[in-house]
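Presented sequentially are two complexes of chain A, the first with chain B as partner and the second with chain C.
After this line comes the complex of A and B, so read on.
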């Protein structure tokens, strides 16, 4: 999976360079997030600007990651398209993964 | 009455084969409905095909290919998925919907990693039915053209 890691002020920003997160690559996405969490990253922003499609398998991968992280950490989502934001709201995932319009805003909120 | 001949796709039973069909369906849908509704069709199709690929393999009598037909009628878009095993278990169709997506955001243990796909199909489309013939099952998903 093509991902760019960048640390900003103690927050890991993962730029997901994939057009689709779905059953085909959701296990890899989950493993990638779990690996970063096991490395000690407790505040993670997912930059989803390049993602055009997400299915329930990808949502499951996100949930697996937040469960792995536990109550001390947090995962936020930045730069998601309006169509995909609609899906996150439909599935109530916006209650679990805060959505921000910019990476900078997401980093600031996670640090607060 | 049909406005065009149905677009028919024959898909190998492989998760990697889903995206090209789904993207084609989205493009076709966008010619008749808005981008959000087209995204709904794509999501429903992906969820149904994922279910068909994952669960069609365990019955031991599955055909290698899944056939997808997409037809634009005057007032609706009809997506049929035909397979030798049910793309969705019929008994599950009766109890799908928004209530299946509920959880306590304060309690991560109530969050399930799986089980949303079938409810998303029902919520994304206007009508979802399963038709059975002697040797084939067809999941029909309909989107009203608004």
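After this line comes the complex of A and C, so read on.
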């Protein structure tokens, strides 16, 4: 799975360079997130600009990852497509993973 | 054309050429051998004839001496037998030897010799009478001349191809002529030695000139030609020549002179002196003949021996060459041709996949051995490959067996899962129609509907994250949990609260699921729904208008403390409620483009006028057409409820 790690002001920004997050790569996606969390990254922004599709397995991976986090940890989502934003809103995941239109805004909010 | 046949062809050509060469050489050696043998026999024959001639000449001298009453004939030796007898013996001897010479005209010579034998034999009777002695002597000489002629023609037929033999031939001829001359002179002088008659002048001159010419010729020949040949024969001939010139010739001249004088005492003295020298001269001549004969025999034997040795050598070489040829042919056959054939056969066998035979032979030639070894390695590899293939097939069979077992397990599980699903039909005041297409045998999707007292009905639909066996087990658990919770909930009870309880108690280790719970009440023509992450249900109104219900909600199992909201909606007769999982609009075509909610909405509007069965069938067909097969990536389930 092609992911670019970038630390911005104590926040880990993960740029996910995949078109689809689905059953095929969900376990890898989950493992990748868990590994970052275990390394101590409690504030993570997922840059989803390149993602076209997310299925329930990938959502499960996201949920699995957030459950690994401590009470102060948080995962925010940036630059998500409108269709996917609709999906996150349907499942109310936007309450769990705050959605921001830019990475900077996400970093800013997480720090606050 | 194979390598083997090429090798053997080359070898055969070489062998045949060698054989031809050796045969030719052997044949030539044989011819030389045969020629030498024949030359030897011819020389013997001719020597016997020469002896006959010399004996006849002696006989003439003896007869002439006898005629004048001389008890000592002017010849070299005392005669053992009667006149002519010795000559006959020599002729017989020659006739015995003649066939060995293998002359072309052998019969002719035999006949001629027989005739001369008979002629001489007939003359024997006349030798006892003194009368007609002169005539007899001439007849004997005629026979001798005839024998000499035969002797000459025999040689002419065969020819002489050896220089030493040619020299000996010349020497012999010279000796023969000398003998002839001495004999003729003696015969001419003898009638006058008793002194009754004086020889005429021309006789004297004749003898003197003939002898002088003879000696002169001989001297020239010896001096100019034979001097180069250092042989005993030449030495002896030179000695003879010197004797005649210096000793005999003066004595003969003195005798002739005395005869011409007519003084009886002088004649007596001169005759005695001449007679003694004549005998010595004869002895010289015969010694020369013997020497020549010995030399020619030795030379011929040498040639014979050389020819025999050459023949033996060539035959031995031929045998050796044939042996070497056969040996090398056998070597090529055994060390190259046969191993090549074996390797070729093994290769063909290997190529045909026959691995039964092992090429165990250890070839002598290193390159063939390498080929053979390589072949063995190929075979071992092939055997190993075959074994691996067999093992792989066995493994495949085991996997297939396990797979079949697993599949039958899954099928049994699928049957259990399917048994949870209610059959479509009328429940309470509502009619339910459904579409269920799991992406694998076991699905994460499930649904149920149940009647309520008073004609109402409840419906729920669950979609567990993921799909397959794990998702299906979770889905069964969720199904059971929800069904049990709803069983204890009276009509009009708190749907959201029931779901919150399930969420709160949902085991952490299980995956989350989305769910939609709906209660339909006929008398109020309305319904209530609670949405937990599930797609917004659609209501297709009687007039064809399409609305989507719900405000979303967290899936069950994401957060322990989730609040769900109950939403009320109108649901009159003629309205149709469509509840579905996301698989329905996330179906992808081969290019991974999703079907989408808009396309689904369009489809519903387009077929709003059709009855529910047709509508569901159209949706099913459209999805299959979109995905290009009847297999979906995600489970699809659709439940349609309408007022009866």
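Here, the second predicted complex is superposed on the first by the 112 of 112 C-alpha atoms of A that agree within 3 Å, B and C clash if a C-alpha of one lies under 4 Å from a C-alpha of the other, contacts with A are read in each partner's own complex, and residues count from 1 in each chain.
Note that in this section contacts are C-beta pairs under 8 Å (C-beta built on N, C-alpha and C of every residue); 3 or more make two chains touch, one makes a residue touch a chain.
Keep in mind the model is a prediction, meaning the values are calculated, not measured.
Chemist: Let's test your reading of the overlay: on chain A, do chain B and chain C clash or fit side by side?
Modeler: The answer is clash.
Chemist: Let me test your reading of the model: by the given contact rule, A:75 touches which partner, first (chain B), second (chain C), both or neither?
Modeler: So A:75 meets neither chain B nor chain C here.
Chemist: Taking the superposition on A as described, I'd like to know which of chain B and chain C A:45 touches: first, second, both or neither.
Modeler: neither
Chemist: Quick check for you: in the superposed arrangement, does A:21 touch first (chain B), second (chain C), both or neither?
Modeler: Touch partners of A:21: none, neither chain B nor chain C.
Chemist: Taking the superposition as given, does A:95 touch the first partner, chain B, the second, chain C, both, or neither?
Modeler: A:95 sits against chain B and chain C alike.
Chemist: A:12 in the overlay: touching chain B, chain C, both, or neither? Say first, second, both or neither.
Modeler: Neither partner.
Chemist: When the two structures are overlaid on chain A, which partner does A:60 contact: first (chain B), second (chain C), both, or neither?
Modeler: The answer is both, since A:60 touches chain B and chain C.
Chemist: Is A:103 contacted by the first partner chain B, the second partner chain C, both or neither?
Modeler: After superposition on chain A, A:103 lies in contact with neither partner.
Chemist: Residues of chain A that sit at the chain B interface in one complex and at the chain C interface in the other, please.
Modeler: Common to the two interfaces on chain A: residues 20, 22-23, 53, 55-57, 59-60, 63, 67, 90-92, 95-96.
Chemist: For chain A, which residues count as touching chain C in their complex?
Modeler: 20, 22-23, 26, 53, 55-57, 59-60, 63, 67, 89-93, 95-96
Chemist: What residues on chain B touch chain A, complex-wise?
Modeler: Residues of chain B touching chain A: 15-16, 18-19, 22, 35-36, 39, 42-43, 46-47, 50, 53-54, 101-103, 105, 108, 111-114, 116-117, 120, 123.
Chemist: Report the residues of chain A in contact with chain B in the complex, numbered from low to high.
Modeler: For chain A paired with chain B, touching residues are 20, 22-24, 53, 55-57, 59-61, 63-64, 66-67, 71, 83, 86-87, 90-92, 95-96.
Chemist: Under the touch definition given earlier, write down the residues of chain C that touch chain A in their complex.
Modeler: The touching residues are 444, 463-467, 508, 511-512, 514, 533-536, 552-555, 557-559, 562, 582, 586, 592, 594, 633-634.
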